[in-house]
């Protein structure tokens, strides 16, 4: 860190890192989010076995179904990165296209989660049923809210780019939303393994 | 003028920036007032925000202080009758919450906001609107936390709110709901502030200011912001779990469902211990500026102070369970955390040594600010050393939850954090307001505070070691021991001390009023200071510096004023502050384009308390709050952070030398 | 140039600045001496058993080291303030530091702390040794009193479980293992003269070792904030010689005798059966139809327990050891008895003339007024109508007279 | 005289140049995605096929590999300025360290 600044200082007329404020801010935020999800995941880890009278994780998880929606979310990262690449080439058509696809994939994932929650609820796992229930819905719910916020951002961005006159002028915003989106995906990679695939 | 699309696309330089607005969005015209209340409420200027942070924090200091004095009145005699048990429990909970979250943190944020940009030679922070948002969010959170007093009682679980006592059965009033949601909101303020300041420090430094040429205050603030960045999410999780349990029936701390109450303790203290360094490091930063100035010497061992600050920040993450030595962790955990805690004394000791060595061999000038700075070094050391006695886990099982702990943390908090902040008031007042606080009153202020503080908290060492637990709404003569100097005596001394302390603080307020009324203007460089913030007018212009200085040295300002004679090695003044200012003005930047005021930050921030009230009372209200938040976010993102040139007076000439504030 | 105004002050101030350090050093010295002050019953510096002794052996040197470090620091600062105040000397050399000194001053505290660390480490594991317990007692905290339950241990004559509250009775010179838990929120068991504290956490069982060298009463207090009346949740540990302890056990195992026919106490018994028995158990008490009266505190109290009153008068205190059952003088006689005398006096229990009627009546008249409990029936939705602590039963003075007479028979 | 914000604008541009040099082609991204897909398939396979004692370590390794692939390639950390990596990994490793210790105090790993 110090090196980079010193290095730039040598250039003479300015000393900043040469990086975009917004991107720096976004990465800091994501660093902070690690502690948030870490806390939620750890809470779940401690409580996953405490099911009381309610169903156990193994009883309510539908691994094939969740695998598919995990896959959907994973692929949305690909479309997102394509949107970013298009934006950097100032290809607004490509950008909006890939952003829309990403948003739709994200929405599919959220829809899957709603379905999954409903199914689990019907199998007897409510938010207040047991510690497992509370911890599970809190963790995955937080993730779901993150995805939903991401979808809203993606779709809003599509609208904004369509209205913008200057081609490619939202490249950085696209990149920032992309970072957020990938992060949300990465969190799911962890949740999918730790929560779903590794049973109690 | 309507709201304008951002005129210049970042990263696409070859497309000419539209000189006139191309497109209009949104519903609100930008606020334009430059005077009157609107110029404050909608401002995004880091200096105005800094002052507002300070004012709000000061208000809460008085609130928290009055709560403290009520506590002491209740405890002045055995079986006190001033407060009922219920009110007493609310009182100490809110006293601590107010002091920690609504006084020290915002006051440190006030200094950070005001001085970090100035110290690094920047025109503003990286995200001015987010800065305004953070401030109003803090206000909203503070209001929510304190509103509970008027709606059936405040939180009553102690400031660390251990589960399951904080659950709906044991704390049936809404106090804890207000507390949890209010702190959640102030957490948002801290988090956005942290991102903002880190980016500011990393990206907005004046040319030539490498990280290792940054003033120490800025450095330690950087460490603090990293601590906030990573610690706030942990308490966010804890508070969510608590709120979900209280409001939506989740079972997180419900022992009958198999919950482990230690979960809360861990989450709280993983946040809580970094938090105590969040509270004290800004003050360390302040006195690391003050001591060199009034010793006419650079800070001794600058890199050691910086790295020990970072080390404290880092090690501070591995010691949280020292608050839980009696919780039944098992000997292995206790041993590990005990040793880790001791390790923290090493980097802190480095700081004490460096401060001592800074004044060693100096040319000491005992101003009020210097008094407070030296007071900090002494009083913090006392508190730190009692901290080391807690770190010895077996002894801590005798000490924990007694007044001995209360003594420890008031020495580090009051003697550390607050003395540092007061040093900052006296040192920087002329910079912020162009007038100097009265030095005589300042010293009286200092002595009353030192005496009061030692009278109040010194005896608590004894009270605690002789077995008086904390958080007791009454104590009994039966356990006070015999003789004249028994615990009853020391409790009385502590209570009287708190009144002395109050008068001390009152003197400060009187000093402020007196100074505001006086017509005497402070000189440009009243203290013969060393750092960049003094290289501009007092108070600084809206754009801080007429010309952004280029930095060649640590303590740049000092090096511009003084030079060493190569032959005699004598240090001689070669320029005055006035000379340097004149030079600046002569080379002023033209058409400095500052970020424009905005309605959105306060609107967005205003939505959050509405959500909180909704969660407590009626979900539809929360939905209204959420709608406000979402709409404000849209408005915000459609509004460019800077109004177009035509809004400026005089309008930019179009020769391209205008300054753009970043997106924030 | 601007310094002028400050200079005058500087001369005067330096003296006073020195006084801060002197005062501060003095204060820490006083703090150090505090451990030697007299007769505070919860003094943490007066160990009366091997566990507390181990802690004390560790902490005394640590306090001394801390005191010495403090004095060195303050002396250095005080000297510098005096020596280097501005007397018009030239601007000092702008030295930026001496790495050797810095590193030295990093290593030195590290070494000191490493030393402290080693002994700390040893003591932690020493205190945690599990093979050294002879007797087990279950300790359960609840808002706002402690229940002690002695599981069957033939070697001490405990042939049936004993349940008592407020005063924990142990044999002196015997290693006792407490198994702590809680029925509601977190409490903490602490007898400073015997050991450090250990939290009683609901859903967990924590252990704490106690051993008293000599017979006597050792005071303590709940030290984890546990709600409204945390301040009046106290406890005492009573150590009796082995013989006296055996006598105590024998007493506890006996059933309550019926009061003499036609006495006030007997009328009290029927009031008790009416009012009190739904929460309080008295072993041996029979209903009018001759069947044993079984308390059902779980239906009435949130934590699900109320003190067993069978041998109320064998303890000196009531309601979380916060009020005396003994009058002032009688209490003094017990507390200040020599360790030989002590057992006899304690085993005498609360005699007619020693009974502190005032406080006991006050309690029966309106317990929540003495010990706030949210017993206010309008605030019980959260607990499904159950009380936290003992409610105000609205007894008549007449009933109270009878009850006191009855309670006095529960030896 | 150059002003700071102009400079910010200017450097924003610099950062983009860096991308252009180190970024990946569309085909490259697709290839990365295919690898991720394959790894996910492998993960899911553990649900159907018994991997015996390797089950846990395999899953954890796969999880980490996927994580770092996304972060390094899709989020460009591998190509971007090290400061970004510092920001993110500081948070990540702090979280891992702190929460691992946290779980350890609950005897999570020994149970």
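Each chain gets a letter, A, B, C and D, in the order it is written, and its residues are counted from 1.
Simple rule for what comes next: a residue touches a chain if its C-beta (ideal position, glycine included) is under 8 Å from a C-beta of that chain, and two chains touch if they have at least 3 such contacts.
Small disclaimer: the values here were computed from a predicted structure and weren't measured.
Distance from the centre of chain D peaks at C, each centre being the average of the chain's Cα atoms.
Relative to the centroid of all protein Cα atoms, the closest per-chain Cα centroid is that of B. Averaged C-alpha coordinates put the centre of chain A at 32 Å from the centre of chain B. Inter-chain centre distance (chain A to chain C, centres taken as mean C-alpha positions): 51 Å.
In whole angstrom, the spacing between the mean C-alpha positions of chain A and chain D is 13. Counting partner chains per residue, chain A has residues 1, 13-14, 16-17, 19-21, 24, 28, 31-33, 35, 39, 46, 171-172 touching two or more of them. Counting only residues that touch two or more partner chains, chain D has 4, 8, 12, 15-16, 83, 90-91, 94-95, 98, 102, 106. Looking at chain C, one finds that none of its residues touch two or more other chains.
The full set of touching chain pairs reads A-B, A-D, B-C, B-D.
Within the complex formed with chain A, the residues of chain B that make contact are 5-6, 9-12, 15, 22-23, 126-127, 191, 194-196, 198-199, 202-212, 229-234, 236-238, 240-241, 244-245, 248-252, 254, 257-260, 263, 267, 550-551, 634, 637-638, 662-664.
Across the complex, chain D is touched by residues 8, 10-13, 122-123, 202-204, 206, 226, 229-230, 234, 260, 262-263, 266, 270, 317-318, 321, 329, 333, 547-548, 587, 589-590, 592-593, 657, 659-662 of chain B.
Against chain B, in their complex, chain D makes its touches with residues 1, 3-6, 8-10, 12-13, 15-16, 83, 90-91, 94-95, 97-98, 101-102, 104-106. Residues 1, 4, 13-14, 16-21, 23-24, 27-28, 30-35, 37-39, 41-42, 45-46, 63-64, 67, 70-71, 74-75, 77-78, 80-82, 85, 88, 171-172, 178-179, 182-183, 185-186, 189-190, 192-194, 197-198 of chain A touch chain D in their complex. By the touch criterion given at the top, residues 2, 4, 7-8, 11-12, 14-16, 19-20, 23-24, 26, 29-30, 32-33, 36-37, 40, 43-44, 46-47, 56, 59-60, 62-63, 66-67, 70-71, 73-75, 81-84, 86-92, 94-96, 98-99, 102-103, 106, 108 of chain D touch chain A in their complex.
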